[in-house]
Amino acid sequence: MLVKASDLAIARGGVPVLEGLSFALGAGEALILRGPNGAGKTTLLRTVAGLQPALSGTLEVAEESVAYAAHADGLKSMLTVTENLSFWASVFGQSSIEAALDRFNLRSLADRQAGTLSAGQKRRLGLARLLVTGRPLWVLDEPTVSLDTASVQLFAAAVRAHLAGGGAALIATHIDLGLEARVLDVTSHKAVHRDIPGGFEEAFL
Amino acid sequence: MLVKASDLAIARGGVPVLEGLSFALGAGEALILRGPNGAGKTTLLRTVAGLQPALSGTLEVAEESVAYAAHADGLKSMLTVTENLSFWASVFGQSSIEAALDRFNLRSLADRQAGTLSAGQKRRLGLARLLVTGRPLWVLDEPTVSLDTASVQLFAAAVRAHLAGGGAALIATHIDLGLEARVLDVTSHKAVHRDIPGGFEEAFL
Amino acid sequence: MIALLRRDLALAVRAGGGFGLGLAFFLIVVVLVPFGVGPETPLLTAIAPGVLWLGALLACLLSLDRILALDWEDGSLDLMATSPLPLEGVVTIKALAHWVTTGLPLVLAAPVLGVLLNLPGPGYPWLTLSLALGTPALSVLGTFGAALTVGLKRGGLLLSLLVLPLYVPTLIFGAEVARRGAAGLDPMTPLLMLAGITCGTIALLPFASAAVLRMNLR
Amino acid sequence: MIALLRRDLALAVRAGGGFGLGLAFFLIVVVLVPFGVGPETPLLTAIAPGVLWLGALLACLLSLDRILALDWEDGSLDLMATSPLPLEGVVTIKALAHWVTTGLPLVLAAPVLGVLLNLPGPGYPWLTLSLALGTPALSVLGTFGAALTVGLKRGGLLLSLLVLPLYVPTLIFGAEVARRGAAGLDPMTPLLMLAGITCGTIALLPFASAAVLRMNLR
Amino acid sequence: MSLWEYANPKKFLALSGKVLPWVSGLALACLVIGLVWGFFFTPEDYRQGATVKIIYLHVPAALMAINSWLMMLVASLIWIVRRHHVSALAAKAAAPVGMVMTVIALVTGAIWGQPMWGTWWAWDPRLTSFLILFLFYLGYMALWDAIENPDTAADLTSILCLVGSVFAVLSRYAVLFWNQGLHQGASLSMDAEENVADVFWYPLLVCMAGFVLLFLALVLLRTRTEIRARRIKAILARERAA
């Protein structure tokens, strides 16, 4: 089991946004998060990635297993595509970036500075970073933003390969990725109990 | 006629990307730009918006007619939704922002700081800005990024209303917006004549 | 235009930057000087007008990159360039907003800080006057530098490098007015020069800034 | 870790920031001082050690917001926090990279600039030594300040405000070493204090910086 | 067409390729003659002793430091008005040369100042304005360096050069006003009375000619390098896009 959440409640900016979330992901599984804008998908993903604490409930994530991809890609515009990837590869203790370049069709852009890429090309580079982390659990926040249809296919294929290799993926998205995966619609988990213990105003209510 | 391009060639970072583009947009018309990542859609839109010069060909855009919406929304995270909109309204000499708030369902967020909105809510605010410009020609670069399906509907309705009111729209997108509009696929216009006069490296070849 | 000024001032106040911090930096520089050069009063008195002018200049300098960089990053500048506002107007307003949030508080605070450095009595009005005349030029020149470096990622230091030599005449005449005033001499000549520089930059530089900005947006 | 250091240095060089600009700012501050306080040699000699130290401090200060803000804005910091690197290591490396690109060039350039301010002969080795010992503390303290302000939009001035008081002890002892050295007195006591401060900050502050950073990322 | 024809990079490369060896050769000859003559075949000054000989480096370098900024200004104007790439690149090429000249003037001046004024550095107006000039060079070069798109870089740096020139002149007056220093005035006037003695004067003239030629040669060389660099970039871009 890579992640296991039970009766999780999360807050953003001190306001509870989702509650009663329970899900689990094992090797080879993917879970797609859906929900309208502002529902709390980003907040949930940040919690799973360990960037913010949960409000209540339990969340177990395997140690050193998460590769997180947020809205921002964390690219250095002054470095080339290769340099950007190599940096992350060595941070995560991996050595080769060749597979990632090939899989996201970045070979021809390898020596371009990241700052001169188009929106979709940047995003492809951001996704290629996932491959060089070597981490089993991908936590992805709207990964296909500004990708064209061919690139969305590339991405779906990469996810499928990752799952086949024993990985798992937790993906928030608004579009159909063509993946066979469970879907968790967070709409029904909207927080109504404004007094969930742990909210930072709670002490004053 | 709001825009008229004939045999337009454009370059990005000194490299010609598209050539032989001809199109025209009159009142009530919309044109959807399609093409893979890195094709040059953003470059074309920036040219139409007057932010960069064309390489060759002619481009006629009606004076003071363009409302441009880029990837970045130009929001000030420290100002509230209302303040952000009012600022742009007064820059463009308009007075009321009520219609824009209603049309993009921002009423309930009106007093929130823009920085605390979710990705999709920010984008809605960025699109609402178009309504307060009062400009007839909308030039939109992937406007529906991170919008949920309901919001995409809102956006399509807004574009339809704009067209019905005598406006025009030039939209680059990768997804289907459900608009009845002509489509221009830029793929076939990829620049092959590397010696288009005016490219800044041209003199050196 | 007024809307832009109002927005910029609101942002300066709200973002926690604005008024307070420029002043605070000025205060700290002035306070650090005795730590650096030692506490002897005659020495401090001798360097007081210069240090106050230098402090004002550095406080100004430090906030220059706020003038345009934020608007560039979030895309507002692109949108403004396609709006009915002329870019010349935009840069003028930006300079004005910068002066109101940075220069003006410094002018008001300088006499108070003069006390810390034992500025001689007759120097106070001249110091204030010279700062009031000179700081607008600093803001306008700074806006030019900001427009030059706006495309470059965190051009902060490059900006300083470009702007500082441009500040030299203003600093010399400004400090000279304050120095002569403090020494009881006649400060008219440098005062006139200072006023001339300020008027000249305000009249001409916005055009250069707008041109440069247009190129950077391209 | 080494990868991070290498990347930061590459970025400093590539972004046109790095080595050159910190130095340039130092140079400019030192050059501007005489314009402010006047050209009299004895006066300049008297304030030279202090001004050199102040200039180094301000040059350091100006580049502080590069330490973490860029990585924050483009999301790298979030990604690094979820990577196997410990945040303590990240902030240490960041401080080291800052020192190599800013502090080290200042140390090397200070003697040259000393000439401009007529620093007396015996002061040179002590000035260099005090800067070499003191600037690492400035970088480490600066990283702490950068970690504190990283969430805030363009916290540049706020950062200065927070960091400058922290710089006071380093400045006092550092300038004292240089001053005593220049005057031919015995600079041992302040030198030891300076070394103590530097060792202490290097040993302890990274933990505080990492903790603060973790909170800011939340 | 006329002269502007040579604003075409290829024509310029061809022409400058032919001229360069001659200019370099002449520069070398003038410098060797001038310096040897000046250093070994002139009497020592009765007050300054042997140190006076540094004048053969100092004055020509100071001269070229100013002239090279002037040349950059002219080239920038040409770029702004007529947009000839070679002029932009020539301005870019001249900057480091001018900066080195400034540094030579400053350093030889400092070396000279030690015996003459008893100090390496004094805040004399002429020295000070050179220091400011040095800063302008530094800023100009840093700006070229920081911008990726070469056309934008040319545009921005030429405007900086224009504005900078105005402020360089302003600074010069400000500095003069601020401090009337130790350095002697211009003694290069045609007025023979004010000139240095002829024995020093002739070799100095040769040295100055040598520095002018050296400057020309270096700028030509560097412009050619810049053009070739742009050519490589253009070809790479074309290949990548193809």
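A few points about this structure:
Lettered A, B, C, D and E in written order, each chain numbered from 1.
What we mean here is this: contacts are C-beta pairs under 8 Å (C-beta built on N, C-alpha and C of every residue); 3 or more make two chains touch, one makes a residue touch a chain.
Being a predicted model, the structure only gives us computed values, none of them experimental.
Hopping across touching chains, the smallest step count from subunit B to subunit E is 1. Counting the residue numbers used at the interface between subunit A and subunit B, over half appear in both copies, so the two copies meet with largely the same residues. Distance from subunit C peaks, on a Cα-centroid basis, for A. The interface carrying the most C-beta pairs in contact is the one between chains C-D.
Each chain gets one centre point, the mean of its Cα atoms, and the points for subunit B and subunit C are 37 Å apart. Distance between chain centres (mean CA atoms), subunit B to subunit D: 45 Å. Across the assembly, subunit B contributes 13, 71, 77-78 as residues in contact with two or more other chains. Counting partners per residue, subunit E has 132, 135, 138-139, 142, 146, 148, 178, 240 as the residues that reach two or more other chains. Listed for subunit D are residues 15-16, 21, 24, 28, 35, 38, 73, 153, each touching two or more other chains.
Within the complex, the subunit C residues that touch subunit D are 15-17, 21-22, 24-25, 28-29, 32-33, 35-38, 43, 46-47, 49-51, 53-54, 57-58, 62-63, 65-66, 69-70, 73, 152-154, 156-158, 160-161, 164-165, 167-168, 171-172, 175, 179.
Subunit A makes touch with subunit B in their complex at residues 13, 35-39, 42, 71, 116-121, 123-124, 142, 145-151, 174-175. Residues of subunit E touching subunit D in their complex: 110, 119-123, 128, 131-132, 135, 138-139, 142, 145-146, 178-179, 181. Every residue of subunit E that touches subunit B in the complex is listed here, in rising order: 8-9, 85, 148-151, 227, 230-231, 233-235, 237-238, 240-242.
On the subunit B side of its complex with subunit C, the touching residues are 49-53, 64, 66-68, 70-79, 83, 86-88, 90-93, 129, 133.
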